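The two complexes that follow have chain A in common; it is paired with chain B in the first and with chain C in the second.
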Partner chain A sequence: MIPAGKLANRALVHAILAAASFASIFPFYWMVVGATNTSADVIRGKTSFGANLIANIENLLAQVDVGRVFLNSAGLAVVGTVLTLLISSMAGYGFEMFRSHVREKVFALLLLLLSIPFAALMVPLFVMVSSAGLANTFIAVLLPSLASIFIIFYFRQATKAFPSELRDAARIDGLKEWQIFLYVYMPSMRSTYAAATIIVFMLSWNNFLWPLIVLQTPEHKTITLVISALTSAYTPDFGVILVATILATLPTLILFFVLQRQFVAGMLGSVK
Partner chain B sequence: MRKFSTALGSAIGCLLVGSGMIASASATELTVWCWDPDFNVPAMQEAAARYNKLHPDVKITIDNIAQNDIKQKLQTQLLAKVTDGLPDIVLIQDDNAQRFLQAFPGAFEPLSDAIDMKKFAPYKVAAATFEGKSYSVPFDSGVTGLFYRTDYLEAAGYKPADLEDITWDQLIKIGTDVKAKTGHDFFDLDFSEAGVVRAMMQSAGKWFLTPDGQPDILDNAPLKAALDTYSKLWKAGIVKPVSGWSAYTGAFTSGEVAAVVSGAWMTGTIKANADQSGKWAIAPLPKLDGVDGATHYSNWGGSSWYVFSSAKEKATAIDFLNTVWANDVDFYQGILVKQGAISSLLAARDGDAYKAVDPFFGGAPVWENFAKWLGQVPAVDYGTFTQEVNSAIQEQLPAIAKGGSVDEALKAINDRVEQQVQ
Partner chain C sequence: MKDTPLARSKIARSEQVNGWLFVMPALALLGIFLVYPILWSLWISLQVGKGSNLHFGGFANIIRLFGDRVFLHALTNTCIFFVVQVPIMIVLALIFAVMLNDSKLWGRGFYRTAIFLPCVTSLVAYSALFRSMFEADGVVNNALLALHLIAEPIQWLTDPVWAKVMIILAITWRWTGYNMIFYLAALQNIDQSIYEAARIDGIPARARFLRLTVPLLKPVILFTSIISTIGTLQLFDEVNNITQGGPGDATLTLSLYIYNLTFQFMPSFGYSATVSYVIVAMVAVLSFLQFMVAREKS
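Let's turn to the complex of A and B:
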């Protein structure tokens, strides 16, 4: 028999958890249901499935070159994630592994830079990018985010748990520094990489302001820009918008489910 | 490891291929930026198709970008003085135009030399006039009307004639009766939208400015009267509070509330509910009480086409706007029927489409009425800080709705504006 007090306690915990999971799942449910309804039904707050899904999809396809847009977003997110992880993890590793009397100062400066809002950097950055002839290119979207201070910080923290004995052993075995990084460090930090992948992919996929400024032609549009344009109508078609929103949500969702186990481990800071 | 480097390699490959796709031009290409895939975009597409019949060699690309996004892009690029990425033609909402014209002199091409501006509604031309030159080809008019449910009004004993030529106080009396008889609120209002206050103010020929361009808040009689009216609406208990645009339009399109004051572009949203056909009518705006120069005519929204002086195909862009947007009366009949876009080109009013009666609105000549009213909208100088004053007003709306003093609200608005504009 479980004592009554404990039972009440457990009931309370479950009630709170149920409310929290409802709050997290309902927006997804609403999104999926809305995509099957007409705009008028969405506004009316209808919460059951409708028969308008095909029409909404056709409407979206008629307005937007979905394949192109999706490919643009996916290309930017994949390339951006791979390069950001590579560059930023190297930096994080370097900051932790190599001693220097200025390293803490440089690192503190980096963290300080985090506090400058992007809006303040936007115009000078745009001038820089266009004088390099990179305006309206995907490279211009990627370049400013490749060395991510947050990810450098994250990797440096994770590297603290990386045993220096492993590195010393590798050195004795005759590995060069880059080989240690590639063959010893990277495999043992798998869960850190997985967690960082989800974070960077999501940031890159959802990136809005900078692509908006830099990308000028319809062929270069990303999914966030397209959704923004769809919502700008005087009478927005919410059914169509929600179909586009599902498309925009799926990749991050799938990636999260695939890497979920490692993500949790990575957040806890484990070394394999 | 090999897997990783293959992935990296192919990723970089994709990147290079992707970034190589910069458009190469051969024939004359015009680019247009505008928002709303159901309104501005198809109207521009129709205009492009008409121009292409005369000039098949001109390729016109229309890019659908949200209004706020266009503002953001213009602001950044004009500030950075990098004009390569800008289009030839851009759509700007009228109350935002002076901000761009004055902050970036020389960025836009004056059009009044090439195009006769007398053909357009004077208040639309005034919105884009800076230092004696006009910079836009006016597009849609946001001429206002009072859209209302005739069945609810009838239940309270009112006929359409009772809503013609009245003041706001009289309307509030009518609204109170409707609420008592039918149980329906008369209006729904959203605190994050001060449009109705602006519309009332402009109906008396006034905006937020003194003639020399300074903020005019404390001694602005029409603004005070508009806020007083706003306060009275809430005090009468005939307003349903809503939050967000979809809830706002949802309340009157679902029959929850009896009426809405809006620009003519709201016609399409209302008509989208075919089951309500015959139950709606449109009256001119009520007059503000006790204000000199008060009229029944005002404006809410509406935008115009601008040409960048940096445009690669400037001459073609101007010719296109002149040929279709400043002359083609037939074109305006088409976009009136399809998009419900009311032309600012006065000659368009004589076309057939404007004469049509609409059974949805009880067989009234809706477009002819709007067109008649738009010629009488008082012209005002929108100036450069409409956005700042507008958000200062929005901040005070909840307090006024709760019964707060209008004078104190005016003072708070004034303090806020002075702090931001200095």
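Let's turn to the complex of A and C:
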């Protein structure tokens, strides 16, 4: 028989975890329920499903070109992720596989620069981008994030586990250095790339402040910019907002459930 | 290839060239989009004037900081956010992690996934979500009233104190699970025999937590506190989308103030650069402090 004290203890653990789980999940439920209700019902805190979903969707479609917006967000996220991974993993590989005194110093400097907050960069970057005539372009959104110190660091750490015998063998086979990187290193680091893809894709899909500064015209808007604009309206229509919120959340939610293990590995990446 | 000095130096040179080729694209981009702007920002912070009409002002901008009530307000708010929010979140995350580290716990996978789930939302999306939940007659107040925790609805959006509480609740919701998985990963690396020994010695659970778990997890706790503090210092998306910094300036943060200075009002680049260096300085000092604390104790 389990002693009463232990039983009470176990009940307390479950009570706390159940409460935390409820608090964590409820907003997701609220998002779905709210999308089916009128704005007035959302404001009144109605927690049951309503019949306004179609009207909310129509209303959103009338206000914004949803297909365009979705494509903008997805395009930026996909292109940004591919280029960031390529450029940053190359650097991580280079720093680890070709060591030199100077590069070690450069790497140490990068770690110092890691803690520079974006808040300190937004003003100069905006001035640079506008004087280069790149204001309101997707390229301006992408450029500052393509070399990520965090991802470079992540790949350098992971490269420590890459057997240099593989590289030596490839050299004997006559492969050029870039071929070794492309055909030997990249395939053997699949799980590292998977985890990094998730981090970078999430950051890019959810990016807000920099696109807010750079992208001005409606045809350039991303999903986060649209949600923000809808929310800051004088009388926000919460039914419509919650439909847009579902659209913004669904891709990353699916990504999480499909690639749960890599997802968590990606988030943990930096401490390993 | 023969192992002659010439051949060796050829290999060394090719290693050098290749090493630079691999890191160059990243270094070039970082030079243009990180190093140059941060230095330019330092220079521009010494300039005064509006728009493109700038001239050298020395420390005028720094002096202006001390008399700028809005800035002081934003600074105070930012500090309140991280001083209150980071410890609450870290403690919650630790408790959840320790509870979930029990492999015999029923429903463990569900709890873990549920508590982690907020991390998949975008900051803007969850801000909009929270904005819709904290109306005066909204769902949160309804729940609190039904539980008899409050006698009358809380004015989350119009009361300066409760607006801050709302922001803190929102950030805690979004990031607790994120911190928790770091602790769970670290707990799995702890040798369970230490706990067995402590249990046999009759050390109670709370003492095991405080005397064993917390010290063993100290590096991770420190790491996550630094990350969270730096994140909170840069708080923008939430306040911009839940409260727009209001009511009044009650939830205005430094990042939002920089944004307003640059993009909402008549731009004064020099002064916004100065405010941004306040964040840089705070991030630097905090990272350094926490690093020293970690070193001293170990």
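Keep this in mind: the second predicted complex is superposed on the first by the 232 of 272 C-alpha atoms of A that agree within 3 Å, B and C clash if a C-alpha of one lies under 4 Å from a C-alpha of the other, contacts with A are read in each partner's own complex, and residues count from 1 in each chain.
Going forward, a residue touches a chain if its C-beta (ideal position, glycine included) is under 8 Å from a C-beta of that chain, and two chains touch if they have at least 3 such contacts.
Worth saying up front: this structure is predicted, and the values here are computed from it rather than measured.
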For the combined arrangement obtained by superposing on chain A, do chain B and chain C clash, or do they fit?
clash
After lining up the shared chain so the two structures overlap, which partner does A:I199 touch, if you call chain B first and chain C second: first, second, both or neither?
neither
Return first, second, both or neither, reflecting whether A:R44 touches chain B, chain C, both chains, or no partner chain.
both
Tell me the contact category for A:V127 with respect to chain B and chain C: first, second, both or neither.
both
With both complexes overlaid on chain A, does A:F238 touch chain B (first), chain C (second), both or neither?
both
Would you mind checking which one, chain B or chain C, touches more residues on chain A?
C
Look at A:V78 in the shared chain and tell me whether it touches chain B only, chain C only, both, or neither; answer first, second, both or neither.
first
On the A-aligned overlay, A:Q63 touches which partner chain: chain B = first, chain C = second, or both, or neither?
first
Based on the superposed arrangement, let me know which partner A:A23 touches: chain B (first), chain C (second), both, or neither?
second
If we overlay the two complexes on their shared chain A, which of chain B and chain C does A:M189 touch? Say first, second, both or neither.
neither
Contacts for A:L230 in the overlay, against chain B (first) and chain C (second): which applies, first, second, both or neither?
both
Determine, for the stretches 38-46, 74-82, 110-118 or 290-298 of chain B, which one clashes with chain C when the structures are superposed.
74-82
So which bits of chain A does chain B touch that chain C touches too?
42-44, 122-124, 126-127, 209, 213, 228, 230-232, 236, 238
Contact set on chain C toward chain A in their complex:
15-16, 18-23, 25-30, 33-38, 40-41, 44, 92, 95-96, 99-100, 102, 105-107, 110-111, 113-133, 135, 137-142, 173, 176-178, 181-182, 185-186, 205, 220, 223, 230, 233-234, 236-237, 240-241, 244, 254-255, 258-259, 262-263, 269, 272-273, 276-277, 279-280, 283-284, 287
Any idea which chain B residues touch chain A in the complex?
1, 7-8, 11-12, 14-15, 18-19, 21-23, 35-39, 61, 63-69, 72-73, 76-77, 79-82, 84-86, 245-247, 249-250, 253-254, 265, 268-269, 272-273
If we count contacts the way the header does, which residues on chain A are in touch with chain B in the complex?
40, 42-44, 63, 72, 75, 78-79, 82-83, 86, 122-124, 126-127, 130, 135-139, 142, 182-183, 209, 212-213, 216-220, 225, 228-238
Quick check: in the complex, which residue numbers of chain A touch chain C?
9, 13-14, 16-18, 20-21, 23-25, 27-28, 30-31, 34, 42-47, 87-88, 90-91, 93-95, 97-100, 103, 106, 110, 113, 115-128, 143-144, 146-147, 149, 152, 177, 181, 202, 205-206, 208-209, 213, 224, 227-228, 230-232, 236, 238, 241-242, 244-245, 248-249, 252-253, 255-256, 260, 263-264, 267-268, 271
